[in-house]
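I have a structure here, written as structure tokens, and I will follow up with some questions on it.
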Amino acid sequence: MADDRSTRGAEILRQIHSDWGTPNVLGPLEELVPDLKVIVRDFAFGEIYARPALDLKSRQLATVAALAAMHNAPLELKAHLFGALKLGWKKEELIEVLLQIALYAGFPATISALTIAKEVFAEYDARNTAAKQVP
Amino acid sequence: MADDRSTRGAEILRQIHSDWGTPNVLGPLEELVPDLKVIVRDFAFGEIYARPALDLKSRQLATVAALAAMHNAPLELKAHLFGALKLGWKKEELIEVLLQIALYAGFPATISALTIAKEVFAEYDARNTAAKQVP
Amino acid sequence: MADDRSTRGAEILRQIHSDWGTPNVLGPLEELVPDLKVIVRDFAFGEIYARPALDLKSRQLATVAALAAMHNAPLELKAHLFGALKLGWKKEELIEVLLQIALYAGFPATISALTIAKEVFAEYDARNTAAKQVP
Amino acid sequence: MADDRSTRGAEILRQIHSDWGTPNVLGPLEELVPDLKVIVRDFAFGEIYARPALDLKSRQLATVAALAAMHNAPLELKAHLFGALKLGWKKEELIEVLLQIALYAGFPATISALTIAKEVFAEYDARNTAAKQVP
Amino acid sequence: MADDRSTRGAEILRQIHSDWGTPNVLGPLEELVPDLKVIVRDFAFGEIYARPALDLKSRQLATVAALAAMHNAPLELKAHLFGALKLGWKKEELIEVLLQIALYAGFPATISALTIAKEVFAEYDARNTAAKQVP
Amino acid sequence: MADDRSTRGAEILRQIHSDWGTPNVLGPLEELVPDLKVIVRDFAFGEIYARPALDLKSRQLATVAALAAMHNAPLELKAHLFGALKLGWKKEELIEVLLQIALYAGFPATISALTIAKEVFAEYDARNTAAKQVP
């Protein structure tokens, strides 16, 4: 019988991460620490993100703000900016969140985060353009 | 003629900060650095929060997440948790945001933030109860 | 049937935390966020600390070093310094770990951590002296 | 024969710390870790601050800026703000340094630092007033 | 009529940033967030750096110390080390500031900052040599 | 007469750093700041690591945990993971320490540290394999 946490976690990961674009943060560690992927899926997404009292779109905004303010996790910020777009946040809205971070964590945190956002938005637009051209 | 930034900043501060509860973070510094209150009102609220591309309720969630993750600004977190309640976030939703921070900034950040939230919620409930009892 | 994680987590908590001394970090949050205690017991202690590849005494040293270096979690550092003594680290050894942190996180981190250690050691000695006087 | 580092360190400490006001950061740790005071005097002040290529007044400004930006060492910041006044920085100049920190570390860092500065300046003025009244 | 903040900010930027060398930190973000350059010029330089109570050379030392201690903004540290040289700080003095940071933020912060300073100094010397060879 | 600190520091460095593998963190700074290497050897290793009350293997675990939790010193973490292997910590044990860091500093800190550990382990295995093939 499947663990409920695992099922829920996998489902939430599907909702957050696009099937393209999102960097595979844990992929390179799969052989060295096979349990890590399971822990992140089951605990982070299956136990925490899965809690019903807050919707996933709001959770994603909180994660983007937290990672931008911490200013030391570029890969995770990139992955969650993709997730934020996928869950319906607009590019203009995400830019505002990252600008606002300057007030609490300083301008260098904002500048780093916006530089990552620029990459994410460019990849996102390129994919969308490509997707629309498929006949 | 009043500076537009000042007017907008003051208006946003009114929307975020309840007239009770919110700690007056800048009050004690008013005599030493009179410009600080002006800078925060005009720049932080009049120039950044006032930008139209993101609604104030979402901005407040981002601020709460950022301050909880940074884990070194208890006074500001307290003030913005009051603001988050005032702008319509439910207590249960804010608890979720703070729990989620554990994934990115560790459990001590979450525990500190929830301890502050507990104080804020208690003061908020006490005031609301008192307000309802006024005939 | 009891969840294995919960049983293991509770057992490890018993090994780390003395029945006196250790501050009850999560106690004040029990009413507001009842799940937090469960999450910490089941995930932090039942899933992570319980992994067999590293002994508990070494894990405790790593936690003390991490918390001292992060320099923003005095309550958790206090609790884990108690745990470190309980698991067999000597006071002199813990002092060395905290001194060494100065090289990586600066002297203020070391000074804060040693100030907390001083409190922990005093409480620990007072209890041990009291315990020995029981006829 | 006295260690040169020790002599130099003690001399620099005399120049930085006023004989009143400055909190005795290391005092409470003297019994637990007697070597700490020696290490700080000999290494921090006797080996680093004593290097001739930068004057002590500029060093003090750098320390105040670093501690304010790190935003987790209130005791050390307090001690070094006293030192900065003693070495000739004016109150208005120190306020400017702390305001500027907001750009790099966010407003909460600035607000904390200014709150500490307010205390330091008040104690400093009280002492100076008292000193002048001595006939 | 030009905004005074903008004029002052632009003038201060001219004084800090050499016309060569200084990395254009905000350049890559100009298309995505055109307002950012304006905000940084008008607020950071036109409102904060422009305040008269502290000279620009001292401000630059504070910024270098803060960024080195925060240890997460290599691009901004590089830009402000160029600025520090332009405003008259000697290479030997800047090395001292960065060494001193080890006491408060640990040796890794100092090592990162000195590695950036090495690059800055090399580029600075190369340019100066080239400039002198122009007949 | 050689300084005792220098002799002890050099001896400890020999014990921690393998003669291959360990990145030469200070090497590139040797010409710019010749004293830095001396300071690190004499103070960090000759005065702190050399203190007899804690064995070198435990010290190395504390350093790895501290650097992983701080999450901003990849080069130093790499060097000390090599040192940890050299001093007898097993790869599986180090993986556990880095996983545990997630509880205190968040998953991004753990993921960064494990990514560095993966590199270290691969280089270590390659060297050991090569060494065994020498007839």
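We just call them A, B, C, D, E and F in the order they show up, numbering each chain from 1.
The rule is short, and it goes like this: contacts are C-beta pairs under 8 Å (C-beta built on N, C-alpha and C of every residue); 3 or more make two chains touch, one makes a residue touch a chain.
These numbers come from a predicted model, not from an experiment.
Among the remaining chains, those touching chain C and also chain D are A, B, E, F.
Chain pair D-E has a twin interface among C-D, C-F or A-C; that twin, with over half of the contact pairs alike by residue number, is C-F. Note: centroid distance chain B to chain C, computed from Cα atoms, is 32 Å. The distance from the centre of chain A to the centre of chain D, with each centre set as the mean of the Cα atoms, comes to 42 Å. Shared interface positions of chain E, i.e. residues touching 2 or more other chains, are given as 39, 44, 67, 70, 72-73, 76, 95, 99, 102-109. Under the stated contact rule, the graph of chain-to-chain touches is complete, every pair of chains being in contact.
Only residues 39, 43, 47 of chain E touch chain B when the two sit together in their complex. Those residues of chain E whose C-beta lies close enough to touch chain C in the complex are 102-109. Considering their complex, residues 44, 48-49, 51, 53-54, 58-59, 61-70, 73, 76, 90, 92-93, 95-97, 99-105 of chain A touch chain B. The touching residues of chain E, counted against chain A in their complex, run 25-26, 28-29, 32-33, 35-36, 39-40, 44, 67, 70, 72-73, 75-76. Looking at the complex, you find that chain A touches chain E at residues 71-72, 95, 99, 106-112, 114-115, 117-118, 121.
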